[in-house]
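For clarity, chains are labelled A, B, C, D and E in written order, and residue numbers in each chain start from 1.
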Amino acid sequence: MTFTLLIEQILNGLQFGVMLFLMASGLTLVFGVMGLINLAHGSLYMVGAFACAAVATATGSYWLGLAASLVFAALAGVLVELAIIRKLYTRGHLDQVLATFALILVFSEGTRWLFGSFPLYLNVPEILSGAVVLPGGIQYSLFRLLIIAVGFAIAGGLLALIHKTRIGIQIRAGESDREMISALGVDINKLYTIVFALGAALAGFAGALVGSIQSVQVGMGEPVLILAFVVIVIGGIGSIKGALVGSILVGVVDTLGRFLLPILFGAFMDPSSATAVGSALASMLIYMVMAGVLFFRPTGLFGLNA
Amino acid sequence: MNPLLSLKDVTAFYGVSQALFGVNITLNQGEVVALMGRNGMGKTTTIHTICRLLPHSDGIITFKGTDISTLPSYKIAQMGVGLVPEGRRCFPNLTVKENLIATARKGEWELMSVIDLFPRLGEREGQFANTLSGGEQQMLAIGRALMTNPTLLILDEATEGLAPVVRQEIWAAVSTLKHAGLSILIVDKSLKELLRIADKCVLLEKGESVWAGVAKELTPALCDRYLGV
Amino acid sequence: MSDPVLEVSGVTKTFGALLACNKIELDLQPGEIHAVIGPNGAGKSTLIKQIAGEQKPDSGTFKFAGHNIDILSASQRARAGLVRTFQISSLAGEFSALQNVMLAVQGASAHTFRFFKPVQSDMSLVEPAMEFLKNAGLEERAHTAASELSHGERRQLEIAIALAMQPKAFMLDEPMAGIGPGGSKVLTGILDQLRQQAPILLVEHDMDAVFSLADRISVLVQGRNFATGTVAEIRNNQAVRDAYLGEEVAS
Amino acid sequence: EPVKIGMITTLSGGGAGLGIDVRDGFMLAVKNSGNSDIEVVVEDDQRKPDIAVQLADKMIQSEKVDILTGIIWSNLAMAVVPATTAQGKFYLSPNAGPSALAGKGCHKNYFNVAWQNDNLHEAAGAYANDAGFEKSFIVAPNYPAGKDALTGYKRFFKGTIANEIYTQLGQKDYAAEIAQIRASGADSVFFFLPGGMGISFMKQYAGSGVDIPLVGPAFSFDQGILQAVGEAALGVKNTSQWNKDIDNAANKAFVAGFQAEYGRLPSLYASQGYDTANLIISAMGKASVSDADAFRSALEAADFDSVRGDFKFGPNHHPVQDIYVREVIKEGDVFTNKIIAKGLSNHSDAYAVDCSM
Amino acid sequence: MTLTRETAINAVLFVGLLIAALIAYLLDEPFIITMATKVAIFSIAGIGLNLALGYGGLVSFGHAAFFGFGGYVAGILANHALNNTLVFSWPIEMAGTNSMLMIWPVAIFLSALVALLIGVLSLRTSGVYFIMITLAFAQMIYYFAISWPAYGGEDGLPTYIRNSFPGLNTLNPIEFFLICFVWLGVSLMLCSAIVHSRFGLALQGTRQNEQRVTSVGIDPFRVKLVAFVISGGITGLAGTLYTDLNRFVSPSVFSWQTSGEIMVFVILGGVARLFGPLAGAALFITMEFTLGGMTEHWQLWLGLLLLFVVLYTPGGLIGVLTSGRGKDV
């Protein structure tokens, strides 16, 4: 193991973390700020990826595809909010879980009906593909750098939206007392529709971007869903800064765990079982981090004390 | 002259159980009306029905001449009804300042004037509302309602939990507001102050308005019968 | 003076830069009502939370019935007979008023980990609970869910629950708040009786009640115990008048 | 005499593409045979082992099928096959071939028409020798099939192993692994990452600027996946016992027939489904399924025209077959494979010796 | 009135399950018996979860851990019995067994023990944090089970036959069903007793308002922990029976989908309703298998059906059947 490799892996961890934040960004808004447990977040992520892939293939333009991912995911968000989610804000978390679980089934099967069971083609456009050389001689994928930039931009945008604008304050107020905020003159239903659509659009956009370097297929959203919840909870619900920090923490821990644990076990085991044990442990690592964080800080790193 | 607010034979339900059986109130522009009755007689329910926080109701409620009984609550608020709810209900996850500006509308009440009225809120500006003392929360709730610059202010037990000096300040403020022409519907346990400031009183008994009249006419006999004092 | 039931010594509590309680010294004698008054945000509820064990003081100790209780948890203190009510009603909303009181009777009896005997027909719970409801004037509402009670009724229920705990000392945080003028009169009567059973630490802004009930009054200002004295002493204390009472109430 | 076949396969969720191909290949063969004595009942196992077992019970107890087939995944096969053979039914696997069922756990009523799981990995190891690779970096997910894959590769590969990495099952981001590959000084990379994992890996590998040659088993290169990978897969070598350009009449008929019927190119899995059906049909011609011993002998004879050319069973009822090396090419707009060499000839598996029927 | 109506519906559900199995037996439709058995088993799992989730407000997204633990206890003990090997030889020697009477207590005890450990660590948190931390523990076990080779890893662990119960042929579907059905009855009785006991009062009080419970002298942490442990034990038992039903156990029992499914049964049937899990499991499993046989896109229809239930039947199936108000948690 060389020093540059270690640096590169730390960079990879950061990058993975920002990517996690990107995947979680829509959920940060809908779950973190609005307080709605939306298991269908992964489905919206999938909708974005499929919309991007389909449009990019049909038109030949990746950029049109990206735009389509925003539009279709937002549309899906509005539809779902008006038809279903709206009735659930005042219900308990459990009804939200059941309803959005049902939505996963509907979205997955619906997508499969439309697009078939085979993965779709979606690839990074020519000008963004390939690697660039970073200072220190590390080769790094250009597209990943772009993802980092977009991730930070979205984090900044969300922070500003939630903490600096009146709309953001109203959203947070609505989370704690919907009745009161409307008794004071805010059309909270409309506001929440818009926010949900925005969350959906972010999910879809992330799906398109991340789908470009991963696979676009039915079911792609479910692992994302769990990860997104994990990072938000580690960071503390309601805190966008927390979600970002949580993402990066998970990204770095996961990447370094995958990389270092097998090496560590290799010190006193034969290589084959060392990698097996090391990677078994690595896959449990983020959950250990989460359990540890919550044990010592029951409301996450930046969560309000409930 | 048309009354600013009028309730005619209003009934209301919590689920299947009826809480209001016929409430009548008229409140004219610039008037202060006190809503009185023992615990559990329907004062808060009446207020919630006006603001449509309790959707299962019947009867006619007009505000500024418009029937508001089927409008969503945010529209009613936008028409100029400002509510200080029972139990304060500040937004716990918002800071004091955010609580105040979240629902503010243009008008003479602004952040500065509210802080002038309650300097304590200025000192606690960045603190989350759920960590405020009870009285501080009460001030916040009043400030929040004022910042919507209402035509009609509804105060439901707005002096509950306040220190006597502050309570006096609030009564003074209410009376200033009254003289500035603001109309007020008020529920409070302090009979003395109510009678001093109210133009009219409405007595509630088991969800029905049983007596309405000017404050002077509220005889000890009535007080004994309907208020238990 | 006999041994105090409750002794608060040197209690300090800060929230960030805010000094909510500042070296508070206070005691509660058998049979007395000791009122704690003071401006909003003076630290009264914070003090009660610390005595009850819900918050940990930065420094200072509490003695209850002669024993140091600093290491006891909130529920242990309650079971030991140190019972509080809440400034903002805190009830089990789906339970009926009766069930809320039964829970208190059960808590006081310390027999919670019993898994088989049905509780609704357990007369050792139901009967005393009904009795306490009656005392608080809520018997007609016994089977109404707490969340469906009016604000004032919930305050009454808080009192019933506190009574059911068979306490050795009460801490009442604004029991009069939300209770109408008629109800206040009744409650004043109840508290007056209660002091015989157990002394009361009474936090209250209703000066009619405080002046008619209190044996002693302590005034908290900005976390400090500013003055302690009899009703007359406090009433005539100009500084207290300025900071808290206002001229009208005092006179 | 009529035969009732129960097909339990994955038709929903992530891996549905494989199940659909197996089913479509199978049904094509049934249709082509024109044999009206075959009845096929198809059910979706959702890729859940417990559901698969329950469906097997249903097929056997309620539908009264004679033969079960269809399972894609080893872990589902491990759940269903023992339960099926224990109830005296035949199980013909069109895909999953876990080692446990090829060795000690073999059964006279269990046949695998596709392979033993290690076959393709072993061929990849053999190919790496032929290609002159000396130092391989090998990657697979951390679960039994992944471990079998790396073991299979190492069984035949004669060079040294630069590093051996187990990734998380379902992992989609491989930046960290690719960085290690870049730094390893290996001259070849063997990877077994089926489905979406492989798509992600190849796209990211292509975008990383690392140019060490890749080798893998066919699982990441089948017809359903290749289109999604696109350019990133071009030129990559992979091992398979079948390809659409194997030159025999049965295969030509199959490829053309499949395209005509379903409007897409057949995949490896479709070929396996097709062969499985034809094997059953051939046995039906020779014996009655109610005579289990005779029917078993007929299956063992494997007297049908396999799309792979010659086909025969080893002593543990797993195929003894040629395994090819393919290269990913582009034909017009479509990405597909072309055979470039033979990896292993008449290859059986390492577990057959442990099997005693 | 609703009370008696709910009782009637409960009786219909419970007896209905038995009758369905018996009719299937008479008609020689063993698969239907298998389905009835599965309903019974998942109802038991749901009853366990409902105690924590419904009555205690502890929304655990990690009950797969207990279900799976029970399942693996059965699988591992049976597997060792089959191969005549020791489970462990230190500090004492422990041999495998395939007697249900031996397996059940071990499984219940170990699942409860795991629940104790997870509970102690998790119960510091509440609300959504609790949902996620329980999920985290289950996921850890899941990934461990997948990659741990000794008992088959992801491939799982076949036991080939069902474990034995004296005097019964457990491989006979109806006899195995009866075992599960009796356990269902026992779980229901146990749960009912607990809910209506003093402990139940404290537990439900804790769900609604911990502060209140603390201030009447009851330690909510202990109440929640005990409930969580009992809950884990019951769900663990269900896992054991499930291994026997399938004669197989694999890490998928630990997956978050398993937790989710048990949770869906509970919510679907009606949270904090004694027979809710039974109603939910019966509906869901019936739908899964009838729709699954009808159309390839059955999950779409299942999803729509679930949506309909959530939106228009607050209080779950039992809630709507009794037209009572749902209990919100």
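Keep this in mind: a residue touches a chain if its C-beta (ideal position, glycine included) is under 8 Å from a C-beta of that chain, and two chains touch if they have at least 3 such contacts.
For clarity, every value in this text was computed on a predicted model and none was experimentally measured.
Novice: If you walk touching chains, what's the least steps from chain B to chain D?
Specialist: 2
Novice: Using the touch definition from the top, list the chains contacting both chain B and chain C.
Specialist: Touching chain B and chain C alike: no chains returned.
Novice: Which chain's mean C-alpha position is the greatest distance from chain E's?
Specialist: Comparing chain centres, B lies farthest from chain E.
Novice: With contacts counted as defined, which of the two, A-E or D-E, has more C-beta pairs across the interface?
Specialist: Greater number of contacting C-beta pairs: A-E.
Novice: Rounded to a whole Å, what is the gap between the Cα centroids of chain B and chain E?
Specialist: Spacing between the chain centres: roughly 50 Å.
Novice: Per the centroid of Cα atoms for each chain, what is the distance between chain A and chain D, given in Å?
Specialist: Using C-alpha averages as centres, the distance is 34 Å.
Novice: Need the CA-centroid distance for the pair chain A / chain B, whole Å please.
Specialist: That gives a centre separation of 44 Å.
Novice: Identify all positions of chain C at which a residue touches two or more other chains, and write them in rising order.
Specialist: Residue numbers touching two or more other chains: none in chain C.
Novice: Hey, what residues on chain E touch two or more of the other chains?
Specialist: In chain E, 143, 146-147, 149, 298-299 touch at least two other chains.
Novice: Residues of chain B that contact two or more other chains, please.
Specialist: none
Novice: Would you mind giving me the full set of chain pairs in touch?
Specialist: In this structure, the chains touch in these pairs: A-B, A-D, A-E, B-C, C-E, D-E.
Novice: Quick one: in the complex, what on chain E touches chain D?
Specialist: Interface residues on chain E, with respect to chain D: 29-32, 34-35, 38, 143, 146-147, 149, 152-156, 158, 160-161, 173, 242, 245-248, 250, 252-253, 257, 289, 292-293, 296, 298-299.
Novice: So in the complex, the part of chain E that touches chain A is made up of which residues?
Specialist: So the residues of chain E touching chain A come out as 53, 59, 121-122, 124-129, 131-133, 135-137, 139-140, 143-144, 146-149, 256, 260, 263-264, 267-268, 271, 297-300, 302-307, 309-311, 314, 328-329.
Novice: Name, in rising order, each residue of chain C that touches chain B in their complex.
Specialist: 15, 37-42, 45, 87-88, 148-153, 156, 174, 177-186, 205, 207, 243-246, 248-249
Novice: Once bound in the complex, which stretches of chain A touch chain E?
Specialist: Residues 37, 84, 87-88, 91-95, 97-99, 101-106, 108-110, 112-113, 226, 229-230, 233, 237, 276, 279-280, 283-284, 287-288, 290-291, 294-295, 298-300, 303, 306.
Novice: Which part of chain C faces chain E closely enough to touch in the complex?
Specialist: 52, 54, 73-76, 78-80, 83-84, 86, 90-95, 99-100, 102-104, 106-108, 110-120, 122, 125, 161, 164-165
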